[in-house]
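There are two complexes below, and they share subunit A, which is joined by subunit B in the first and by subunit C in the second.
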Partner chain A sequence: MIDIKNLVYQYESNSKYPVLDRLNIQIKKGEFVSIVGENGCGKSTLVQHLNALLIPSKGTVQIEGLDTKKQSNIWSIRQKVGMVFQNPQSQFIGTTVQEDVAFGPENLALSNHEIQTRVNDALEQVGMLDFKEYNPMSLSGGQKQCVAIAGVLAMKPEYIVLDEITSMLDDKSQKTISDIIKHLQKNGITIIYVTHRIKDVVNSDRIIVMSKGRILYNDKPQTVLEEPSLPESGIEIPPIVELANRLKRDGIIDTYNNKNLPFSNKELLEDLCQSI
Partner chain B sequence: MSINIKNVDYSYNKNTQLETRVLENINLTIDKNEFVGITGKIGSGKSTLIKLFNGLFVPDNGYVHVDRVDASDKKTRKKVGLLFQNPHEQLFSKTVYEEIAFAPSNFGIKGDDLTERVHESLHLVGLDSKITDMSPFKLSGGEMRRVALAGVLAMKPEYLILDEPTSGMDIKGKKELYSNLKRIHSTGACVIIVSHQIDDLLPVVNKIVLMDDGKMTFAGTPSEYLENISSPVPEITQLMRGLRSKGFNVRNDVLTVDDAYGQIKNLLTKK
Partner chain C sequence: MHSFFFNYVPGNSLIHHLDPRTKLLAVMVASIFIFNAETFLELVTIAGFFVIIAFISGVNYSIFLKSLRPMSLFFIFLFFIQLFLSEGKPIFTIGFINPTYEGLITGLQITTRFIFLILFASILTATTQPVMITSGIERLIRPLPLKYIGVSSFDIATMMSLSIRFIPLLFDNAKKIQYAQMSRGMDFKNNIFKSFSSVAVPLIMSTKRTAQDIAIAMESRCYQGIYRTSLFELEMKNADWIVLLGISIMVLLFMFLI
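Moving on, here comes the complex of A and B:
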């Protein structure tokens, strides 16, 4: 479990406003948690605390009981928590895809055989095994992100943080990434997904909405998306969800009896055909 | 005054085994007074196309002219401002001021004129003048992008081209950027945006160019686009077209939630 208690973070100790302001968050193993919020709300700063890239100014962050403040814990924490960022190419170091993915495991002093197995396994999971020999820089944006994810998977992390990894991608590559996430979650990996687009995260177990360094909402996607004041948080609400909310408020579509608010075009169309 | 693209072909790794054709027989005219959106899937050739506009790439066949001068001529560099996809990776200065002042000062602008340009550009992208002394690397991702845009604007380009400018931006940033771009367009500059988000483009531009697998498959006004193209269209448009195909009397060019909501309400009152 990830346990964040009263986390405060300030870039400079004398700055008036903290970037993160007294955050309390628990993330259970196996959960798929999304963190959303407008640019500058502190979401990336928050997740950089999860593998000790940043250390709290006040409060604590514990990964499986390991405090990130303690220098001796950092190596184990970084093995447990893998990170993928927005621009995969700035993370690449290998001249071929397989070399790049092997970099992490090579540093774990594993046998060659084990490294090879891990690399193949990781590339297989993201559907990039056929691209083993390619130069990662020659791949498309979506493929690069898949390779970056494989690089993290090869470390066999328990938690994966994905920070705005799809903001450069088109809908098709985004779908590929969503499928990969579903697959990882099935394998028991905890997913922490940072984005400013709520559209990408309707499938998560929980959405944390941040604004100005604080938590606005921390609940199931259904509950969060029906919050009337959600637009004020500055996150982009998919037009279909906005329309569905308005139609629901007017009683035109019915979402009682545990029926969910329609998230997709297809769902809303079905609902509308029934109710009109 | 216009950008003229005539019979343009372009391949990567020309005359090698890895030769890949990325643009095929492109013919397009962009007038100085236009606000253009270029859309298409990733890999359709849209980013390659715009790199021909300021001579970064030179066509294998055909030509690209900017105001009747070949785009590879150095004279066009000042006229055509290009902002790349990950502009924050281009930042390199110690302060925001130096960053934005870099290009105009290279063209000999100095003193008060330079300061004025820096502040004007910051204003156009919706950033506070107070940040001029800050390091650009201390800003958030979205703010860094805006600083990079201000750096291009400081050149006062006649043609401003932006490659996926809203990726990674939140809704507020996006709205601000588009309203800033409208403002820049109204000052007489031509604005060309490359984006795979058709939802964002249709309401603001007056010409849409659709690229597919290296070919230009459509160029025309947004209303012509909605008349002729079935995909890609915004989700709301898709939804309303779905209703239409089920026999409901709604329009096929609905773009906004308000419009869709009104049309659905209308159906119910008529019933």
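Moving on, here comes the complex of A and C:
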């Protein structure tokens, strides 16, 4: 479990007011949590605390009971919490796909045989095994992010943080990535998914909406998406959801009773047909 | 720069299968021979060795010749410096320009040595993946007392692979910035100084940002600069020992013959 208590963080170079302001968040094992919010609200700053890349100015962050403030915990925390970043360009270290995926296991000083097994395993999971010998820079944006995910998987993490990894990708690659995420969650990995596309969050167990370093909402997607003041937090809500919300408020349809939010015209139509 | 680091040609030759450490040591010994070669006969012998080894590697000779291209300006510069600045019997004299016969000879000698140096090194890079070269270097320097200068052999190896990985990216970025500035009307032909800074400043900024990002990415994957293992385990095989034995015998013979 991840336990964030009263987290305050202030960049030294930016000392006016804290970027994160007294956050309290708990994430249980196996959960799929989405973090959304407008640009600059502190999402990246928050998630960089989860593997001790940043240390709280005040408050505590604990991963499975390990406090990130304690230097001796850092390496086991980083092994437990893997992190994939937005720009694939600057997260590759190796000159081939397999070298890059091997980078983490090499740092864990695993045996040669174990590294090879893990590299193949991880690439298999993201469907990139055939690209082992390729130069990662020659891959498409979506493939690059798949390799980046494999690089984290090879460390056998319990939690994976994905920080806006699809914001540079087209719809098709996004679909591939979200399928991979579903598969990972099924394998028991806790997912922390940062995005500003509300479309991506429907599958999550919980949405945390942030604004200016604070938590606005922290609840199930269906509950959060119904919040009338949600648009004010700078989050773009798909028109179809807005329409569904409106129809529900006016008592025309009775949706959100199960997890299936109407995110496409077809789904809304089905809901409408059912209610009539 | 580009073609020299990135001319690895996959293959199955004896040379390909040698341990990178063997090849690194061989290149080192070869460069000692090259820099001691003075007579025509010695240089021809070295050329002969190059031709034979390159043939065994099965890599097309054009690949090796290509690796000389980025250095060609340097070779020409080196040759002319010797030609014009050496003391001796002048070939002709126009004002203070007087190339000498001695200059011609040393110019040819020194340039040929550098050309051979690059050629032998390119046999190494053409038959060895960059990652293998860096792990080879890492293993060779591991016993050195590097901790007194505050680095580990692992740090050095990682730095080398990062440079190999980032040099092309740097060139790419420079190109992109140059095009961006050109599309905004920057005249690269007639305004050399201004156009240089218009590329250099954004390039330094973006490189700094990339370096920070990569450092974060490395740390988050547990990079500590201390003992780490490798995907490719280096292993000295019989062929390696035979080659090293052959090289030692040659070195000994050479030392006794002189």
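Definition applied: the second predicted complex is superposed on the first by the 262 of 276 C-alpha atoms of A that agree within 3 Å, B and C clash if a C-alpha of one lies under 4 Å from a C-alpha of the other, contacts with A are read in each partner's own complex, and residues count from 1 in each chain.
Rule of thumb we're sticking to: a contact is a pair of C-beta atoms (placed from the backbone, for glycine too) under 8 Å apart; a residue touches a chain by one contact, two chains touch by 3 or more.
All of these numbers come straight from a predicted model, not from anything done at the bench.
When the two structures are aligned on the shared chain, A:D170 is found in touch with subunit B, with no touch to subunit C. In the superposition on chain A, contact is made by A:L268 with subunit B only, not with subunit C. Residue contacts after overlaying the shared chain place A:I115 against subunit C, while subunit B stays out of touching range.
By the document's definition of touching, of the two partners only subunit C reaches A:G104; subunit B does not. Look at A:D200: by the touch rule set out above, it reaches neither subunit B nor subunit C.
In the overlay built on the shared chain, the residue A:S90 is in contact with subunit B and with subunit C. Of the two partner chains, subunit B is the only one that A:E38 touches; subunit C does not reach it. The interface of subunit A with subunit B overlaps its interface with subunit C at residues 87, 90.
For subunit A in complex with subunit C, the touching residues are 48, 51, 53, 75, 78-79, 82-83, 85, 87, 89-96, 98-99, 102-112, 115-116, 119, 137, 151-152, 155. Residues 41-43, 85-86, 89, 138, 140-143, 164, 167-174, 196, 199, 234-236, 238-239, 242-243, 246, 248, 256-257, 260-261, 264-265, 267-268, 271 of subunit B are the ones touching subunit A in the complex. Residue ranges of subunit C in contact with subunit A, taken from their complex: 129-131, 158, 161-162, 164-165, 168-169, 209-210, 213-214, 216-224, 227-233. Across the interface of their complex, subunit B is touched by residues 11, 37-40, 44, 86-87, 90, 140-142, 164, 167-173, 196, 234-240, 242-243, 246-247, 250, 252, 265, 268-269, 272-273, 276 of subunit A.
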